[in-house]
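Consider the two complexes below, in which subunit A is the common component and subunit B and subunit C are the respective partners.
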Partner chain A sequence: MMVPRVAGAGRRSVLLLGALLAAFVAAPFFVNDYLLTVLILSLYFAYIGQAWNIMMGFAGQLSLGHAIYIGLAAYVAATLFTRLGIDPWIGFAAAIPVAAACGAVIGFLAFRFGVAGVYFAILTIAFAEFARIGFDNWNLVNASSGLFLPVTQYAHNDVWRLRGDPTMFYYVILAATAVAFVLCHLLLRSRIGYCWLAIREDEEAARAAGIDTFRYKMYAVTISAAVTSFAGVFYAFFYNNLFPEQVFGISRSIEIILGPIIGGVGTLFGPILGAFVLTGLAETLNFVISASGLDLPGATQVFYGVCLLVVMAALPDGVWPPLARRLGVSGDVK
Partner chain B sequence: MPLDVYLNVAVGGVLTGLVYGLMALGLSVIFGVVRVVNFAHGEMMTIAMFIAVVAFSAFHIDPLILLVPSAAVLFVFGYSLQAALINPFITRPEHAQFLLLLAVAIIISNALLIVFGPDARSVQTAYALASFQLGPLIIDASKLYAAAAAVVFTAALFAFFRFTLVGTAIRACADNYTGAQVVGLDVKRLYALTFGLGAACVGAAGTMLTLVVDTTPLVGPSYTLLAFVIVITGGLGSLPGALLGGVLIGLTEALAGLTFTPSLKSMFAFAVLVLVLLFRPQGLLGRRSA
Partner chain C sequence: MTLLKLDSVSKRFRGLVAVDQVSFAVPQGAIFAVIGPNGAGKTTLFNMIAGAMAPDAGAIVFAGEAIHGLAADAVCRRGIARTFQLVRPFPALTVEDNVLIGALLHRHEVGAARVHAHALLARLDLLDKRQRIAATLTLPDRKRLEVARALATEPRLLLLDEVMAGLRPTETDRMVAILRALNRDSGLTILLIEHVMRAVMALASRVLVLDHGVAIAQGPPEEVVRDPTVVQSYLGAEAD
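So, the complex of A and B:
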């Protein structure tokens, strides 16, 4: 059973969060390039996990096609940059309405006609696949041969154009993760948040209590899509290449949801913790496999599957709630 | 293009669609009775496809002969899966069951990838290029055999549910869970049996499909999705609806592949899904409350 965990901030939680943030700010001075990349990847998944959690964790709507928002935003920002030389932050401003509109269309189709639960999830996958095939055949964005951003050596970091070394990207995604955390916190404490929790717990009862469930579910999907869009812009400018197969693929959408599920769906800190646990374990596994000289292309995925299986069976609420109790903070750190 | 080209492609699409229908039927049976959405459906089919492909390349066994053994293997797989893994999850929320099967799906397809590698494999039967001529129609022999086998298998399944005691008991579980328990039915065992039957359907469909398409370890997700599209199009919980949906989607894909580029064809299947959700959300043969 998912229990709303919104009460009681507590000084201890604030202290722990502050210490954690300080550790993250200081981290680049102490780690090597490889570890920095792992941290960037973890924060990237922590960010998206939080965005996904708005839909599933708060409003109870399972989306399995979140890759579509990442992909759309990535392609919007990257296309504007390569074709017209428009800077990424302006591209981001253009990507938000695109992703949000896409979320609104999916939400409208589903919620208007009572498509709920797993069938809603199927619809989200169908849309992501639709986009993948569409982009695979769309010549404006170089179809399946991929869209590449020009890579040149830069003398100094340029945050405005998102060109620079990994340390800059690290701080950008760290800031984004922190902003998303605060945003989720505020959302949960607002009227919208309470309506979402009511819908998640019992939609019929929520409607009976006078909540316009259609409207609040639409808020959930559009806000989640809009928040997710930044991850797409980041992806495009961090990796400098986009292939429809890679950004829209089902496996991408699944990677997104693993962090929050392992960390704890519906909690504020769960998606962040889950992303670090999962990415850390997967990197360790990759390291062990490559050190042993084997070539096993699907091993990481099998590992993800086993993780999911174990967490689903043993810790239905995820890793964070029991850990939070152990740490003596309320089910959720604020 | 002349009309008979379209006609030929349409017939091919309908024949492939019948195999799709059998695959989707498995999903529908599992959902209708166990109320669990089998997200590992396409991946289970991939297992059957690899059984057929490996048996053919190693021993030259025709997939048509393998139909029943392969379905039996998948039956055992599905039965064990339900008994060991899913039954403890029966009382958990819908999305928890869904994610459990997602985990199973990921493990299956990547385990196949590790064992067999990423390369596409195919079955080259003696009749791979043979065809029958019927007036202006030229019917592909492989597709015809696959469709015929699918129809026979489907008929057997319908007969099982209609005329046998176990089949009746399974339908009782689907109609009224508590009632079935009250009259003393071992519901968990019947659930496992049903999941096994659904798996057998997809096993048979996968075996037949190797006659028509190539096999790679990672085709699973797209077939899972296709099965969902078909089931939602045909109507949830409606067994004839699954067949009708299969034929419709097979036909749509074939005609879209001919009119546009073949790589765009699954986009049209999704377009059909969206249209159905817009104008007839309960599916073509579904009931409103289903």
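So, the complex of A and C:
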């Protein structure tokens, strides 16, 4: 817990981040297709983990239904694209307010009527489940038979329409992850970030210090939902198919939070590190299982469970804070 | 001029009347003490003034405005800051960030809030410890930290709930000196709950004695400590 500020920790962090970013930018030139897919998946979870971390890690509000924001955004962008031929970035611009409004509704209902802690978490699950059932029966979006984006071979990568090869998707999600990182960094150092931390630490004491906790919790859920929405757009255009069962399912919401928990809730870098640790280990496991010729359905889920138990027992603050101390950079919760 | 006025304020917890029609007035610039045995209703009284709970009956008027029923943050924005008897600093944050958060109430810029926080940390002898995580501080330091965070919101009225409890005599004297200086330099009005009579006698110009939720005596400290009812119900019991 006691992290005396190391002199030069700031410069070291910048250097390390710069080196890491350079490595990420160079990666596609050195990895095969399979590894590139693993990297895309890791960055995808790193992105969402950061978005979720805004709510839980910064403001202390546990959402177990973040899949709702991904799913809504995915459906908005995909529907606009397939029905009206509207390009994904414009679809994203439309998805942001939809996801944010959904977050605001959930937040309003919870925070206005004093639904907190585990009850709040259950409410977020309930909303995601409503969405799943609703979309499963909504014919405009093909209900349970799913929505498909046309897949044709493109002569070249089209970033504007998000049509192209995995390398293009890799750079898109890398850029998004970097933007989310910078955004989280700026949020944490701003007035809003301090108010969130105060609420996370002790809501009554925060109120006694003059913080309008309702307002700042609303900011947290709305901003987190808005940031999350990009992941939905990315998902739709990367996988080219959407099934309510898959995008809104509770297991999706759980997957989202494992990375930050393993990496370190409330830290800036934890969600990114956790996503890579978890995705990397899970892929290794899949590889070993398929190489050994065994058929073990559900092995990944069991593996996630074991990872979580091990990390929570050995490193309750996640992997990042102790690692950051080793590296001599700031890794504490603030 | 009266800064804070309570008029027949009551609070019930199920069957128990924790605060029973208490009335008093705190003049602007005064240091006013509330004393009484454990369970007398002192903290409940503070909770109602600070907006942590609404009174069941009665009125609380601050600077001419009725504030009973307002939320705690709204009360704080009007100029009343409080400490908690069971200290509640933001545990995982640094000492500096704890105070900075208070200072953000009237400062939009984080940088400006940090500068203000430093000034208060210096005042409360905490500047050297500003990078420490609050949870790692000793109890006296955490109490000082709470005072600093409350002061950072720039209150007109400061509510202190047993900030001397658990302090050594030298630390008590230091706290008394700090509070007296604050009162003298900036005209800060202070309402304190205190068991340490030496601090009460040194600081307060007026004392209210609560017993079983009832205000049994009120007046200058020298008079109140000689009041037979007070001696019997509180000070006498304390001496046992």
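Observations, loosely collected:
Definition applied: the second predicted complex is superposed on the first by the 322 of 334 C-alpha atoms of A that agree within 3 Å, B and C clash if a C-alpha of one lies under 4 Å from a C-alpha of the other, contacts with A are read in each partner's own complex, and residues count from 1 in each chain.
Keep in mind that, in the parts below, a residue touches a chain if its C-beta (ideal position, glycine included) is under 8 Å from a C-beta of that chain, and two chains touch if they have at least 3 such contacts.
The model shown is predicted, which means the values in this text are computed figures rather than measured ones.
Once the two complexes are laid over each other on the shared chain, residue contacts for A:D202 go to subunit C alone; subunit B is not touched. Once chain A of one complex is fitted onto chain A of the other, the partner contacts of A:I261 are limited to subunit B, with no touch recorded for subunit C. Subunit A has more of its residues touched by B than by the other of subunit B and subunit C.
Using the contact criterion defined above for the overlaid structures, shared-chain residue A:D212 touches subunit C, although it does not reach subunit B.
Look at A:V302: by the touch rule set out above, it reaches subunit B but stays clear of subunit C. No residue of subunit A lies in contact with both subunit B in one complex and subunit C in the other. Within the complex formed with subunit C, the subunit A residues making contact are 1-5, 189-191, 194-195, 197-198, 201-202, 204-213, 266, 332-334. Partner subunit B is touched in their complex by these residues of subunit A: 56, 62, 109-110, 113-115, 117-119, 121-123, 125-127, 129-130, 133-134, 136-137, 250-251, 254, 257, 261, 296-299, 301-302, 304-306, 308-309, 312-313, 316.
Remark: subunit C residues 50, 52, 71-73, 76-77, 81-82, 84, 88-94, 97, 100-102, 104-105, 108, 110, 131-133, 135-136, 149-150, 152-153 touch subunit A in the complex.
Per the touch definition, subunit B reaches subunit A in the complex via residues 37, 88-89, 92, 94-96, 98-100, 102-107, 109-114, 118, 217, 221-222, 225, 228-229, 232, 236, 261, 263-264, 266-267, 270-271, 273-274, 277-278, 281.
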